[in-house]
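As structure tokens, the structure follows; a few thoughts come after it.
Each chain carries a letter (A, B, C, D, E, F, G and H) given by its place in the written order, and its residues are counted from 1.
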Amino acid sequence: MNWNSPTIHDAARPDFGRQTRKGVPEVIIAERKTVEQSMEIAKRFLEATGRAILSRVPPELEAHLREEFAGQADLEWLPVPRAAVLRHPDALPPDAGGRVGIITAGTSDMPWAEEAALLCREMGCQVHTVYDVGVAGLHRLWGPLQQLLEEVRVDVLVVAAGMDGALPSVISGLVDVPVIGLPTSVGYGMGGKGEAALLSMLQTCAPGMAVVNIDNGIGAGAIAGLIANRMAANRQGGS
Amino acid sequence: MNWNSPTIHDAARPDFGRQTRKGVPEVIIAERKTVEQSMEIAKRFLEATGRAILSRVPPELEAHLREEFAGQADLEWLPVPRAAVLRHPDALPPDAGGRVGIITAGTSDMPWAEEAALLCREMGCQVHTVYDVGVAGLHRLWGPLQQLLEEVRVDVLVVAAGMDGALPSVISGLVDVPVIGLPTSVGYGMGGKGEAALLSMLQTCAPGMAVVNIDNGIGAGAIAGLIANRMAANRQGGS
Amino acid sequence: MNWNSPTIHDAARPDFGRQTRKGVPEVIIAERKTVEQSMEIAKRFLEATGRAILSRVPPELEAHLREEFAGQADLEWLPVPRAAVLRHPDALPPDAGGRVGIITAGTSDMPWAEEAALLCREMGCQVHTVYDVGVAGLHRLWGPLQQLLEEVRVDVLVVAAGMDGALPSVISGLVDVPVIGLPTSVGYGMGGKGEAALLSMLQTCAPGMAVVNIDNGIGAGAIAGLIANRMAANRQGGS
Amino acid sequence: MNWNSPTIHDAARPDFGRQTRKGVPEVIIAERKTVEQSMEIAKRFLEATGRAILSRVPPELEAHLREEFAGQADLEWLPVPRAAVLRHPDALPPDAGGRVGIITAGTSDMPWAEEAALLCREMGCQVHTVYDVGVAGLHRLWGPLQQLLEEVRVDVLVVAAGMDGALPSVISGLVDVPVIGLPTSVGYGMGGKGEAALLSMLQTCAPGMAVVNIDNGIGAGAIAGLIANRMAANRQGGS
Amino acid sequence: MNWNSPTIHDAARPDFGRQTRKGVPEVIIAERKTVEQSMEIAKRFLEATGRAILSRVPPELEAHLREEFAGQADLEWLPVPRAAVLRHPDALPPDAGGRVGIITAGTSDMPWAEEAALLCREMGCQVHTVYDVGVAGLHRLWGPLQQLLEEVRVDVLVVAAGMDGALPSVISGLVDVPVIGLPTSVGYGMGGKGEAALLSMLQTCAPGMAVVNIDNGIGAGAIAGLIANRMAANRQGGS
Amino acid sequence: MNWNSPTIHDAARPDFGRQTRKGVPEVIIAERKTVEQSMEIAKRFLEATGRAILSRVPPELEAHLREEFAGQADLEWLPVPRAAVLRHPDALPPDAGGRVGIITAGTSDMPWAEEAALLCREMGCQVHTVYDVGVAGLHRLWGPLQQLLEEVRVDVLVVAAGMDGALPSVISGLVDVPVIGLPTSVGYGMGGKGEAALLSMLQTCAPGMAVVNIDNGIGAGAIAGLIANRMAANRQGGS
Amino acid sequence: MNWNSPTIHDAARPDFGRQTRKGVPEVIIAERKTVEQSMEIAKRFLEATGRAILSRVPPELEAHLREEFAGQADLEWLPVPRAAVLRHPDALPPDAGGRVGIITAGTSDMPWAEEAALLCREMGCQVHTVYDVGVAGLHRLWGPLQQLLEEVRVDVLVVAAGMDGALPSVISGLVDVPVIGLPTSVGYGMGGKGEAALLSMLQTCAPGMAVVNIDNGIGAGAIAGLIANRMAANRQGGS
Amino acid sequence: MNWNSPTIHDAARPDFGRQTRKGVPEVIIAERKTVEQSMEIAKRFLEATGRAILSRVPPELEAHLREEFAGQADLEWLPVPRAAVLRHPDALPPDAGGRVGIITAGTSDMPWAEEAALLCREMGCQVHTVYDVGVAGLHRLWGPLQQLLEEVRVDVLVVAAGMDGALPSVISGLVDVPVIGLPTSVGYGMGGKGEAALLSMLQTCAPGMAVVNIDNGIGAGAIAGLIANRMAANRQGGS
């Protein structure tokens, strides 16, 4: 509690125990924070947990991350979703064993699919991706989908789509694994900021699908990783 | 122009010439008219053009139509869309030659698909329908679709869907005939009055589709019939 | 494909194979069908699969179900969600082993929670329910929640809430099982048809939750049952 | 399927067969792609089909197109819609014979009308345009409209309008060719991003019109070209 | 101010002076009041001003009005808008001299057009009506419109339209009198409760129009009557 | 927690301690409950706290309340908001001393104003009401407002308004007591279910006002009573 | 009609006769046009009518206007609405005699109020403005309002307000001249782009007001000027 | 009243008496004003009241404030909300005695919480803040909340939250002081500009809360300060 205007130290209360409590690490969403705030919180995570995950990193922050953590931590940079993982060498993600498949309708859906993939990998899942197989050319879908189901034997699928949002419904009508629909803000005109895709997924006539909010790749990864890892734990006799 | 409060005769100006001018007959949408108004307008159409088409007929009006036109005109009654055609025996629709295919995602979409079918038939088209082949079980679609394209060789497709509205996009990605998307008010929760279906169709990533408003079966039939009949006229060397 | 106006037999193409293909049985949502249509489809499911599940059954249909199937099948009637299960005695749901917890914020959320519970039970899950523990009196929540997590050891939670939709976020911040948010149409004024609850769940700041559409108890049950049963199969060495 | 973060080659699956399968070429919508992605996909189209069509080209991409394809392909540049066609000299669009009329309410609607025109021409249609004849001065409409109908004898009309969106309804009430309504994002205040225009067109009381989404000139061109070319094929005895 | 729960006498404060202060009489909108409340307020207006105007009168109230005021006041009943005027024989509306033209796009727009006409007449205007001349058949418009402008020489036009709401814009582009757009709740699907009509009118590209809310016939009549009567007063040298 | 479908006893967890914990009694909102559920919960409240408050009571429930509690408890019935208070004679609300003023713009806003008044009285406040003083005739406002401020010396004002929702802003610009805006669902056309009133209050340019949701009279009463009673406690040296 | 991509000369069809036909001059809204397009159209208006009016002029265009028309025409520049009038010295607006009052709630509403004032002056009206008298401090309103009504004796009032949009309703409840409500995009949060103000005005409970769209100062000026000038003509015996 | 285009002096009518009349000082919201306008109004407030409060100060204005008032007034600068207070040394805020607690769900909600804190301090309240204790980790809430209630004994709480907006409901279910919900524009996807948070708060199932608009920190501070100071006055025997 502060009697005066707070400094950053007082204002942020990072949840270092989330990974333990929830099985999902906290992600620093940098787009609404100042460079200063993000750097400070990243530093505190790195100290407390050996890792800091940042998403939606603006270019200025990227530069600061590269400079200021050089020598202290390894930086993994993902250009498509503009995400970063800072890691002490001895802080590798556990091999939790979950198997997650991630599919996109178009190439424009990739930034959020990659966010989901990132989080799942950081939760210790194996992640398998198939991109650009939307309903305007469904013939491109069958092969890779069968591979995911029969060879990889995924525990859960994340399906990202913008525009008409039809792909998750089409897939959910075909498979017997749970599907997480990830609507993206790809589109134009009415409903084009992802609303059409989200509504279409919410209205799906195919059972076995639930959705996260538009562009919420992190959220899709969190629940997909949680499901997959619990399945893995059950496979390994853990629950 | 009326200096006093108008009677029905003054208030309605039926457009008897629409069929000639537009190639599309006028339909009396009964749901917002009193029984009195609908009966009066139907009578005037019957006199002027030998036919009256009524849609969304409430039960009271149905009874009146059956009683009061008995002996004067044949009544064709369509129970699913609650539509009626009154016709003098010598007023058959011309055989205009257009070939229209109408597909629905579910059985609940039938009332509006039947409205579209009715109007196309009254415009002299051949109409072929395939119902309940939505994306929750796409395996039901391929056979009938191929028949429509290769045997019937339809000029245009009307595809009706509520809920996720995904079927028209899926079909439009597969065929080379123009597709008219007909969203229906079948659904629940957010976007469930047909908005999700309409928006998903407006956002389609498959080219070659245009849409009409939610539940506007008459409108879908009008443009589909117009397209099909003009193609038929071209086949017959008429344009 | 039909050249004339279809009868019901032609119009509906029930998906008898869905349980096998998807692991989720098809549910006949009766509220948009005529009594005639629902009876016909129920009869065909009963014949093909030994069971028919109906939701949102209007009173007239309830009467018909009770009368016409008497002697042929057992009727299980759930008054709160107005749902019915018709079953041949030898057609018991398999004991699939999934463990599903269902929680509601208020008593008014019960119809949809019960829909979810029904579907999960028909998929062979064990279902455990806790009702009326919303955020206006959070002290009522802790005990039952702990029981679900530590004694029952649920595989997944469905959390239903209308109005502010806050309960799923609160729970999702506390537990390490996947949470399916089920917004309900309980509320008043702006956002009161479930939109506020849905949006709040879509915006959750707690990771590990995905949502279904407003009042979509069947959909929540489908994905929860799918997740739980796959976990059970993994427990039993099946995947 | 990719086990690691994908390169662009893996991520995009261009649909080279679309022109053959659908009768509509694929258009590279550049506004949501990086310059790198657009250049790569354009190159692959040019190789596979002898042509690449790009719309909504940002200035940086325009420069790259001009430089990097110089000598390899002819560049046609349309400044109003900022669209480009790259073409091998031996890859001329076929003369498919469809006749398309395109009308706008105002000069501000031109970018999307030109997108539609571009796609129709690339599909081998003859395109005839009439601009700035909206309902604020309807006297400007009659002459050009009559010319389109009686001299050019168009197969289909695309009518673009923003603001009140009234022009397509007015035209559709007068003509007997199918009308594709193209709402544009021209307007101000409530409904001013094209929603008023789209809704007004969806609510048209004139039969024989269907619509595409706001600013979807490419989509309007696709269905108009498809309709016109099939009419031409019928004229030539082809279907 | 009331210390206890109020009776109706205390609760309503009718504005008897509005006609004098504003030039517009108060109208008792009955649809949200109990029969008791409406009767009480009507009685008080009749006593205070010699007249009571009621709109949207439910059937029960109509019966009460007919019975209980018999002998005390003349009842003028308008069936289309379900409106009533109670009047002492010596309380005729003044001949204020304003000239108002009222036009509708369809017959379904009549209830609200008649509300506007009623209020204008009660304000002492001459009212001239033209119904069912919408844009689906514009040829029906020219004759009556010219009569209104050149023979009647109206001071102001009220133009009512539902669905596409295009007629007021078309008319406003042609005439040099002020136009009041009156959107009506006639329509279907998206925007079909009058929103499309209202938005289209708000976006009009023709100058010289302002609008009232959907179905607000009373409001359209009030401002039209006010404008017309002030013009009349100016004609008579009164302002 | 219930292993089977719950009875009502299991399903509802009334919050008997809310008055003590929160200073606000729980209200049984009957409109979404069955008569059975409401009766059961009312009985349990009466037993536990000596009082039960019910709002939005449907006619069937009213009859049951009158019959079944006769002799056991006093029934206070408020016809305008259809609310009821059941009370043991020895269970009078404490005289908490808060002073609440409640103002409405029109008579149609009374049901929700009366809900607020009811709750405040049950919290032990003195309640003073002024009805039908909206901005269409502001001269009716000054006198009663001054009385509330200077004679009654209210601690807080609840101002209810539908339609334009302007009255709370006008009042909030004039007074120095906190104002709770209570938007009501009185209106027509766009924004007419209270959205216009709510949005206008949320956008108020007069400081010192907060709002509750549309028609939430109970909510307005709760916060107003809480504020007023804490002020009274401070007056009496209690905090 | 153009067979090829149009030049600007072909694309724009300025309506030089609008002033004569409608009594309202055409305004070149520059914000959606290129500098080139605006300059060309301005030049053509100047030649045809001796005057060009431009609104929402971007800085680049301002510079061009100042340079290129220097010596040929007088430039009147209004900094607040960024509007310009180019005029040949012999092309003065007629003294049409209408009297228009323009009032704003805040200083932020001035750009659109000034747009309205500009158009009225160009139509030959006398314009009188009163700014920053909103409902947060109503005491600032009475004096200036009385002056407008009794000294200036305005024919019509334009009242601009953003945020709560309450001022036009308050004024319309007090005066007997027609009021044009002009909602502005001043606000924040929900409804803050002018929607709250527009909806509140559409829902006004004070009779005698109509509205234009958000920020449509030109539209408000057009109808106000039209009304005022017709009143002036009537005063002068002209109609 | 101005006959010509107004200068800034004429256009703004600052409400210097608001603090006296309302108990709330006027705040200059700079984001919609030019630097010139803001400087002028600030200067006039400083002269008239000894203080000027500015919020949402753009960088250019900040520089001007620092330069031009140097030596004349003390400048207090709050970097997080970009707010400023200019003050003559002898113009300290009175110690009004109100006690306000301000809580945020996340660090991103701080700018608006700080706005509220600023205004309360300028009204003479004691302000106590607790940041970043949202529902994703409720364990962080209990300690500080108890301190606010039992040690500080706050009169009122402001609770700011974006995203799911759940925190104010959770707190309001636990405390017996009035809660002002302050939704913030922190979020993503559907409902992510604060609409989800606002709607969830409007739908709260916990009694004793009212809300202000999204990001309206000033408005939340105004009503909270008003409530707290009146409580303090009552404590001191002042009312």
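Here are some notes:
Quick note on the criterion: a contact is a pair of C-beta atoms (placed from the backbone, for glycine too) under 8 Å apart; a residue touches a chain by one contact, two chains touch by 3 or more.
This one's a predicted model, so the numbers in the text were calculated from it and none came from an experiment.
With contact taken as defined at the outset, chain C and chain H are each touched by A, F.
If you compare B-C with D-E, the chain pair joined by more contacting C-beta pairs is D-E. If you match contact pairs by residue number, over half of those in C-H turn up again in just one of C-F, D-G or F-G, and that pair is F-G. Centroid to centroid, with C-alpha atoms defining each point, chain B and chain E lie 36 Å apart. Chain F and chain H have centres, each the mean of its CA atoms, that are 27 Å apart.
Chain centres here are Cα averages; for chain B and chain F they lie 51 Å apart.
Residue positions of chain H with contacts to 2 or more other chains are 18, 136-137, 173-174, 188-192, 195, 198, 202-204, 207, 213, 216.
Working note: touching chain pairs come out as A-B, A-C, A-D, A-H, B-C, B-D, B-E, C-F, C-H, D-E, D-G, E-F, E-G, F-G, F-H, G-H. Considering their complex, residues 18, 21-24, 153, 155, 173-180, 198, 202-204, 206-213, 216, 218-220, 222-223, 226-227, 230-232, 234-235, 237, 239 of chain C touch chain A. Residue ranges on chain C touching chain H, taken from their complex, read 105-106, 134-138, 162-166, 169-170, 173-174, 187-192, 195-197, 199-207. Those residues of chain F that touch chain C in the complex are listed here as 1-3, 5-6, 8, 10-13, 15, 18, 32-33, 37, 183, 185, 194-195, 198, 213-216. Per the touch definition, chain B reaches chain C in the complex via residues 78, 80, 107-108, 110, 114, 117, 128-133, 136-137, 140, 144, 147-148, 152, 186, 188-192.
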